[in-house]
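Same chain, two partners: subunit A is paired with subunit B first, then with subunit C.
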Partner chain A sequence: MGNFSSIDISASGLFAQRARLDAIANNIANANTTRTAKGGPYRRQEVLLRAVSGDAGSGSGGVAVDKVVESTDPPKMVYEPGNPDADSAGYVAMPNVNPVQEMVDMITATRAYEANIQAVNAARTMASKALEIGKG
Partner chain B sequence: MVVIMADLFSDLTTLALSKGLDGAGTRHKAIAGNIANVETPGYIRQDVSFEDQLKQALQSPDERLAERSLQAVEPKTQSDMTTPVGPNGNNVSIDKEMAELTKNSLQYETMVQLMNMKISMLQTSISGTVK
Partner chain C sequence: MKIDSIFSQLPQSQSVTGSQSTGVTSSLSGSSSAGSSGTSFGETLKDAVKNVSDLQNGADDMANKLATGEPVEIHQAMLAMQKASMALQFTVQVRNKVLDAYQEIMRMQV
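Up next, the complex of A and B:
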């Protein structure tokens, strides 16, 4: 029980960090996308995480993806009169994706993912140690 | 005979160790939760305490009383505000959690080892031969 539920908690962390990585990959892939189904340039996606409260008295129940929202930052206006998507003044609305920020987010998400893996491994070691009780 | 059997397997050492293992298991759950929420805005780290209860129970001079207070030891999970809260309201420090994780696993393994020693002592006294 105790050890296995902590693996579930770590799994929720792994899932959350993977969702962040998915959003980051999407943002980088669409860094230059000017056309979307909704019209206008692509908008940066952001994953909002929420702490899940566990059963009474046992503290945390892990983490969950609350929702994925689009960033409200204004699009970058680039002067490119020859571009078919340019407005009357010659400016093209480019996605509000900042590649540097995406790279930094990618590193933190990867590291957080690894930390959750470490926690799973520790739980596994503890559980298999507990199985050795009485084997002498 | 029943009394002897009960005393053989539920002495203070075994009871204290099982309570300790229980506490370390609960603490691992709290640490796993902290690591999972390392990026969650507004999350406050959870900490588990049981050692002080264990120590207090074992300090009792009367063995029966000590056993009763040991039975009542329950790991307590509470919010820990001692680490600084960041701009997003989260106070999980990943370095601290990883250190706590290692410490807790070692503590758990130590208690498993002690439990094994206790059991092999019992086996020695039952069989009369040293394995």
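Up next, the complex of A and C:
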């Protein structure tokens, strides 16, 4: 168990939250995208996190991005007959992105990121406190 | 991570200083054994300083990459710098302890 293992674990958490924020940014950026490489409207992306095996205190552990999955929610059908992507009935399949949900996810990702930074700072404080052993 | 090796070194250095001091007391008390086997303190300190230097270089590298726009996560760079700074503090602390021990010996009345 290295002295920096908790910092490395927190670093993995920071990375995971960054990945989540990337996905959220992607969702918001594509909230009105009707064309994708696979055809059809953009589908909301979600990051799945996986715990890295390792007991606490053994020096390993952390979190990793398992994979990014696309939401299977049905697309929003918007009536827009003039749109080139409209179907025969005049409906356009819009991405299943809910801006409110994205904003809430953004808050949780930001706060989780901050929490990981707090953990790093706590580890740093503990290390510098350890250096004070025997002082004064 | 290389930093782990510095910390595995450092307790060793403490035990080296520790065994040196017991070596002194034991030779004072008439025993023949003095000093210790294993790596010398100089070697240990050199390794430790080298490891700190490696960490500092890594942090510098990260900062450079960040400044030149290479894809480096900000937190990675910050953590590298933080680790380098912590390792340096740790080494300085060990150096202080060793210097204290040395000066204590040098103050001895002959």
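Everything below uses one rule, namely that the second predicted complex is superposed on the first by the 126 of 136 C-alpha atoms of A that agree within 3 Å, B and C clash if a C-alpha of one lies under 4 Å from a C-alpha of the other, contacts with A are read in each partner's own complex, and residues count from 1 in each chain.
The rule is simple: a contact is a pair of C-beta atoms (placed from the backbone, for glycine too) under 8 Å apart; a residue touches a chain by one contact, two chains touch by 3 or more.
Since the structure is predicted, the reported quantities are computational estimates derived from the model, not experimental observations.
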Quiz item: Now for A:I9: first (subunit B), second (subunit C), both, or neither, which partner does it touch?
Solution: first
Quiz item: Touch check for A:G62: first (subunit B), second (subunit C), both, or neither?
Solution: first
Practice problem: Classify the contacts of A:R18 with the two partner chains as first (subunit B alone), second (subunit C alone), both, or neither. | Solution: second
Quiz item: According to the contact criterion defined above, which of subunit B and subunit C contacts more residues of subunit A?
Solution: B
Self-check item: Touching partner for A:R124 - first (subunit B), second (subunit C), both, neither
Solution: second
Quiz item: Looking at the overlay, does A:P74 come into contact with subunit B only (first), subunit C only (second), both, or neither?
Solution: neither
Exercise. Go through the superposed model and pick first if A:G39 touches only subunit B, second if only subunit C, both, or neither.
Key: neither
Self-check item: Overlap of the subunit B and subunit C footprints on subunit A, listed as residue numbers
Solution: 2-3, 7
Practice problem: Enumerate the contact residues on subunit C facing subunit A in the complex. | Solution: 1, 3-4, 7, 73, 75-76, 79, 82-83, 86, 89-90, 93
Quiz item: Along subunit B, where are the residues that touch subunit A in the complex?
Solution: 21-22, 24-26, 28-43, 46, 48, 77-78, 94, 97-98, 101-102, 104-105, 108-109, 112, 115-116, 119-120, 123, 131
Quiz item: Once bound in the complex, which stretches of subunit A touch subunit C?
Solution: 2-4, 7-8, 11, 14-15, 18, 117, 120, 124, 127-128, 131
Practice problem: Report the residues of subunit A in contact with subunit B in the complex, numbered from low to high. | Solution: 2-3, 5-7, 9-10, 12-13, 16-17, 20, 48-51, 54, 57-63, 108-109, 111-112, 115-116, 118-119, 122-123, 125-126, 129-130, 132-136
